[in-house]
Amino acid sequence: MFSEPDLIALSLTLKLALLSTFILLIVGTPLAWWLTVSRWPLKFVVETVIALPLVLPPTVLGFYVLIALGPNGPIGGFMELIGARSFAFTFSGLVFGSVLYSLPFVVQPLQNAFQAIGSRPFEVAATLGASPLDRFFSVAIPLAKPGFITATALGFAHTMGEFGVALMIGGSIPGETKVASIAIYEHVEALEYDRAHLLSLTLLAFSFIVLAIVYSSRRRFSLIPS
Amino acid sequence: MSIEGQFQLQKGKFKLDVDLKAPVEGVTALFGPSGSGKTTLLRLIAGLELDSKGSLKIGEEIWQDDQEFLPAHKRRIGYVFQEDNLLPHLNVKGNIEYGWKRSSEKGTTKSLQQAIELLGIEELLSRKPATLSGGERQRVAIARALATRPKLLLMDEPLAALDRSRKEEILPFIDSIHRNLEIAVIYVTHASDEIARLADHLFLMENGRFIANGKIDNMLTRLDLPLSHSDEAESIVDADVREYDATYKLNYLDCAAGRFTVSGNQLRIGESVRLRIAARDVSLTLEPPRNTSILNIFPATVDKLMPKGGSQMTVRLKMADHLLLSRITRKSVDNLGLREGDIVYAQIKSVAVFS
Amino acid sequence: MLNLLTILRNVALVLGVLAIVANRLHSGEISVAVASNFGNTIRALVAEYQASSEDEIKLILGSTGKLYAQILHGAPFDVFLAADEQRPKLLEEESITISDTRFTYAIGRLVLWSKRSDLVDSKGSVLEAGDFRFLSIAHPKLAPYGQAAKEVLMKMDLWEALAPKLVFGENVGQAFHFISSGNAELGLIAHSQILQPGSLTEGGSRWLVPSNLHSPIEQQAVQLSEKPESRRFLAFLKNEPALKIIREYGYDTP
């Protein structure tokens, strides 16, 4: 079956996807909420920036992340200033890149879900004594549940398949930054098609299962309006 | 308790500019055509309109002025919207407890129990909002607001989305709120039958302004206001239940003008009720009528006359300290030669009783 | 519907124009597929070539592996300048090339390079000291320069010790970028890369790795079409004016 390096790559991919999805939800939820409620006129700029990874080649993102992480870049420079080690070629760096890369896949479904709630439930909650933060937790989050399921699955699946950023900022270090997609690429380049197939099919099956869960649960939601 | 407010708000072409000053006791109704700004005013009082300029004082508490804006969740209000009141992810119990848990009542279940009983929703507690009828949903929304013991209950056309029988199902509950709980209610509506039945005080709105306000019996009978001109114009008389005649199934009620005889089920002796008398159910004679089937006949003075359309007249009568409207033809006015100050006999064909 | 028809008609029109343009490329012009590391060199070579020839040269740059796969699947290239000898050999075995045209046009040299002027000494002993966090090389399995870098480290008996510090570029271009962006302090890359005019390489420090520390990085060329232009261009590459340019750009010549 799998060679040991491939198994390491797979488990690394899984770890990356799980951690990134977790961080994406932590970061994406307040961001999506802010985008929903803010009346700031320049909000669209933030929305555009978040949506960029949807259309940009991931290599572009990876290229700029690598430059940003370098000692002359804003992030690398800051890290150096506070005496921390740079993110480049580390698992943390990969998580950072993946979060940027998958952000629209989490923020957009959440934003849509928050918008679909409309203002009424929040006004109702306000007149019943719920503060804005309270309303966020007791109304926005439960009512956006379908959005959270979609966002989690898309964020997870998208990070699993992430390639360009990992290629640009990872450095293909086994057990650290050599994720399954990179391993597949290297197998293909080295003409090791059997091993490429095995890994690719595994990723394919995984993504299929995750997305199937989303679509089946979506149907459940539309059948019984909550 | 009194309410003192003053608001300016511009929303596109619509402009609201009101100066609100009234005792709030019982039910204060905001009445006017749609688009007149009633709902906006209610939202201003609730603190739901964030762009407003103005001031608001409820009793001794300042809710809004130049420096301060008490956010909606800190105002002790209950709010019942026209529809979509319930939080869809919570069942009825969850909805009712949502406000109660966040109110000063959370230490005791008394207000919670009372609200559930008053609105008769014990059976619905475990149901989800989506499975309730429109009337049930409104009852739950009212109970949820009452469970928090608000200072002020704001109701925005709570019955407008319901059909006639659903409306009848809920009106008695609303009626009983200020009676049983002593919670002041501000009630927005464009249905005149609702104000005649519920309101104690009335503000008339048009194009974002007040055009008049006053006690309900005065407002219904003021000939310079549109209410008295409508086909459904009516007046109200508050009376006390005195006796019940079981043989004929008749209630006898006393008011300053005399004794009303009203058929129907027995009312509670001693209770104070509101009688609603449609203007078109009141006919006039110059002599005390004999041999008539009509039971309620009272002497009255013609107070004021006002033509309606080409053929009809609205006559306002003074009956002791009550004002009564009568709608008769212009021809009858001429035949009887009616003038202000004339003594007439008002024959009242039917009376609706509301407790 | 009308819109769709209009769009289809426009698409057809554009495709037609493209077909005409593509056809015209074949008269007096050849396509040369070139390994990326040779990009600047080939541009200089083409400029020199066209000073004395009417032939038009169209360049297609890419990694050797990808160009190889494209040629294998019928890409219409006339000449292939690879970064290794393996792919041209494989193509030859598949009988896709014109027989007996394969030859070494350049021999790559490795350099240990850092942007910092004080890091790399003239003997490369910084590698033994190991006073750095990341050493960038091309992936040994994917790139000939990576394979050569690995051999150097093996020969210096440092492969095991430096393994935790190695970061791998997909190709030597990426290995270079890891260093030039400042994320890796130093790396073993192609000498030609830091000789490129206008590159960010001034003021750094370097050690030109002796070529006896690794097997030669023979970059080979093959002819893919019978066109006389192809033959003429390859002949040009074997002669002294061309060889001189190749050496100036950091390669050894056969």
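By letter and in written order, the chains are A, B and C; residue numbering begins at 1 in each of them.
To be clear about the criterion, a contact is a pair of C-beta atoms (placed from the backbone, for glycine too) under 8 Å apart; a residue touches a chain by one contact, two chains touch by 3 or more.
All values reported here derive from a predicted model rather than from experimental measurement.
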- Could you pull out the chain whose C-alpha mean position is farthest off from that of chain B? C
- Query: Of all the chains, which has the CA centre nearest the overall CA centre?
  - Reply: A
- Item | Interchain centroid distance [CA atoms averaged], chain B/chain C, Å | 88
- Query: When the C-alpha atoms of chain A and chain C are each averaged to a single point, how far apart are the two points in Å?
  - Reply: 35
- chain A to chain B, mean C-alpha position gap in Å, rounds to 56
- Message: Could you list, by residue number, the parts of chain B that touch chain A in their complex?
- Response: 46-48, 71-75, 77-79, 81, 84-89, 98-99, 102-103, 128, 130, 144-145, 148, 154
- In the complex, the residues of chain A that touch chain B are 120-121, 123-132, 134-135, 138-139, 142-143, 145, 225-226
- Query: Inside the complex, what are the residues of chain A that reach chain C?
  - Reply: 63, 66-67, 69-73, 76, 85-86, 88-89, 167-173, 185-186, 189-190
- Task: Could you please specify the touching residues of chain C with respect to chain A in the complex?
- Result: 65, 133-134, 136, 139, 141-142, 166-170, 174, 177-178, 181-184
